[in-house]
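The two complexes that follow have chain A in common; it is paired with chain B in the first and with chain C in the second.
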Partner chain A sequence: MDPLHQFAIKPIFTVIIGGTDVSFSNSSLSMIAVVVMVFSLMTLGMRSRSLVPGRLQSLAEVLYEFIAKMVRDNAGHDAKPFFPFVFTLFMFILFGNLLGMIPGAFTFTSHIVVTFAMAAFVFLGVTLLAILKHGIKFATFFMPHGVPLWMAPILVPIEIVSYLSRPISLSVRLFANMMAGHTMLKVFAGFTILMMGSGTALGYVAGVVPVVINTALIGFEIGVALLQAYVFTILTCLYIKDALELH
Partner chain B sequence: MDSDDVPPGLRELPGLRELEERVRLAKQRTAQVSWEAPAGPSADDKNKSMLALAFRLGTEILAALVIGTGGGVLIDGWLGSKPLFLLIGFFIGAGGGVVNVYRAVGGLGYAAGYPGARPDIKCREDSGAPPPAGSDDKGR
Partner chain C sequence: MKILNGAADGTFRRRLVATLALMALVLVATVGTALASGGEHGSGGLPQLNPATFATQWFWLVVSFITLYFMLFGVALPKVEEVLGAREGRISWDITKADEIRNESNAVLAATDRMLERTRAQAQEIISRTSGQGHASGKMLMERFDIELSRRTREAESRILTARNAALGELDRTAVELAQEVATRLAGIEVDGARIAEAVKAVIKERV
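The block that comes next holds the complex of A and B.
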């Protein structure tokens, strides 16, 4: 079977508005599932508000404190107003990645259009924040301090390219990691089917090997799912810090 | 939660005071047991961020190259100067990619326009490495 088949977007309800296909797809469904899951975890988990937390409340608190600490350490105290945004972003990506680890589930973070939309939102928001906060001084961001003026024609374009590459690297990193991991899992699973399909005894014995490899890969992929959510969020924090401080 | 963070009203609750006492005792106990209490990030934390760094570097170069070359192609299409700006854009993109990687590894703050290494974000991911050459104002 085609290992890329799992990434196909299938409409569930076809909706076409003004010639644009805005169907409710399996991708939309898993995004809604993630939102519902995150919302339930946070609201149900915190409902008892007990001093000594239960399991669900502990999980909610750990996640909250993890991101609160991340924002405080990496973006500074002034970044407190952005905590809700960063937390939402982290939970959405984390649960999206982990939901994709359930066999048969759709991984919306393996689509560049999704990750790029998030990265572009972060990029535009951060740039707007910097411009609103610092006005024209924002332009000094592209001219390193203490550099002779004659080097500006070389350095300024490099700095601008470096700045503009942020949303690309942010989105490609998440999308590529998720897509590569899921493709690899499917390829190894396909080996088993091919070997078993040969019908010989050797085929049946050898067919076990990819299953063993896949077991290890699943663990690795869960690690990647956590790590990529972490990386996306920590970089968002650093970009917010840059926008706020502008050195 | 440190006791300093507790709002004054909450500290009066008897349950909380008891919990605080228990937390203090537990902390004392663990402090006695673990003789090498980690001061900074634990080895596990460090491993995690090293891995995070390794996953970042490849895309940093790619992204800058895409922006530089893509921008060059767009300017060429606009001015009809093919392939002049494609070539210029490619080299600027390559330069930007190197700058991105350099900053990511040097911990200079992952961003454009850095005057030098910032003491507050110092080599988070590779505290063992010496500061990269040119991390002072003069070198850049």
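The block that comes next holds the complex of A and C.
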């Protein structure tokens, strides 16, 4: 009945490396499942390598071209080497979100530590890339062109705070969306159980209402799952563009 | 892409607001439930904030993400790229080939046009030349025809004249014989041929 119970990490078998507990849990299982699913889709789909694609191959190609276009349009032509990473990131989040829509399945993107780790990696990688590419000129990133110098004391701290908050907003956006959606579904499902559990005829009739609402919400949540994977990925592309071009 | 871009511009903001509103609603529900269930579970709070689970999640995240990255980077994406490249190559090859064929057919068409032009000019020339010749020979023919015609006309006229004279002579003779016969049968007299001929001649002259 606890709507947060679905987020609990349950170890499946214990793994301890260097004295740290890294047990294989329901979260790890979902991640490995996503790896298997994504890899299967991309290889089984392309198995025939036909010039005229079938359904699965079309899907694999559409995903490839979708992300390739996103990287090209939002991160620029110099960002081509980052395409495999961006593609992996998109597929990992997308399938993580969608896998979570299966009742009973664990949604690892609803864990802030997971989304924050990904966002932090993107943030650190992009910052490192900018410093390696532009050296000390990277500092000019925090002072936009054409702004009077006397505004610098106000503007530069704002820009720095805004830059530093990127990984937080990036990770919290995904985490909060997924967690909120899944909690909401569980809360409404809980209402039905409470109402029907009352044993009265009225309870049984009224218990149908949350089911109807949940049906609509599941559609909405699938939309959120797609959209949040897209948002995370496109923001990563924009950060890469900033690092490459220092606007 | 376009749809999603559109979503990223206008619809996205609205959806974000809706999501945030729902999140606030759910947060109230969550906090309420968490407070209510706090007694049972003891620990309460979000499972996401339990530090004991951080290491395992990071570890498996790194393992699975790196695995997926190298699987896609090394195996899957080159395959997709190869197929897309092959298709693009095939399409551009087809387009080049089609261009070649079109150029070729244009050249053939131009050659045909030139040939047609030349042939037409030749035909024109021949027509104008032959029509000049035709005119000249026609004139000659006409003259020859005229001469021939007049000659034949004259011949025919003389032949007609002879025939008419012969016919008239015959008629005279027949008339004389007839008159002689009539005179012998009716009057019972023998009339001298010369006199009858004279009389017949006088009658014919009177009649004609």
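For this structure, a couple of remarks:
In this section, the second predicted complex is superposed on the first by the 244 of 247 C-alpha atoms of A that agree within 3 Å, B and C clash if a C-alpha of one lies under 4 Å from a C-alpha of the other, contacts with A are read in each partner's own complex, and residues count from 1 in each chain.
We take it that a contact is a pair of C-beta atoms (placed from the backbone, for glycine too) under 8 Å apart; a residue touches a chain by one contact, two chains touch by 3 or more.
None of the values given here were measured: they were computed from a predicted structure.
Applying the stated contact rule after C-alpha superposition, one finds that A:Leu164 touches chain B and leaves chain C untouched. Once the two complexes are laid over each other on the shared chain, residue contacts for A:Asn177 go to chain B and to chain C alike. By the touch criterion defined above, A:Met143 lies against chain B but remains apart from chain C after alignment on the C-alpha atoms of chain A.
Contacts of A:Asp242 after superposition on the shared chain: chain B is touched, whereas chain C is not. Once the two structures are overlaid, the count of chain A residues touched is higher for C than for its counterpart among chain B and chain C. In the superposition on chain A, contact of A:Tyr230 is made with both chain B and chain C.
Once the two complexes are laid over each other on the shared chain, residue contacts for A:Val38 go to chain C alone; chain B is not touched. In the superposed model, A:Phe87 lies in contact with chain C only, and not with chain B. Once chain A of one complex is fitted onto chain A of the other, the partner contacts of A:Leu51 extend to both chain B and chain C. By the touch criterion defined above, A:Ala120 lies against neither chain B nor chain C after alignment on the C-alpha atoms of chain A. The interface of chain A with chain B overlaps its interface with chain C at residues 51, 176-177, 224, 227, 230-231, 234. Against chain A, the residues of chain C that register as touching in their complex are 1, 4, 7-8, 12, 15, 19, 22-23, 25-27, 29-30, 33-34, 37, 41, 46-50, 52-65, 67-69, 71-73, 75-77, 79-84, 86-87, 90. Chain A makes touch with chain C in their complex at residues 1-5, 7-9, 11, 15, 17, 20-25, 27-28, 31-32, 34-35, 38-39, 42-43, 46, 49-51, 53, 57, 60-61, 64-66, 69-70, 83-85, 87-88, 91-92, 108, 110-114, 117-118, 175-177, 179-181, 183-184, 187, 223-224, 227, 230-231, 234. Contact residues of chain B toward chain A in the complex are 15-16, 19, 48, 51-52, 55-56, 59-60, 62-64, 66-68, 71, 92-93, 95-97, 99-100, 103, 109-116, 118, 121, 137-138, 140.
Remark: chain A residues 51-52, 74, 140-147, 154, 157-166, 168-169, 172-173, 176-177, 224, 227-228, 230-231, 234-235, 238-239, 241-242, 247 touch chain B in the complex.
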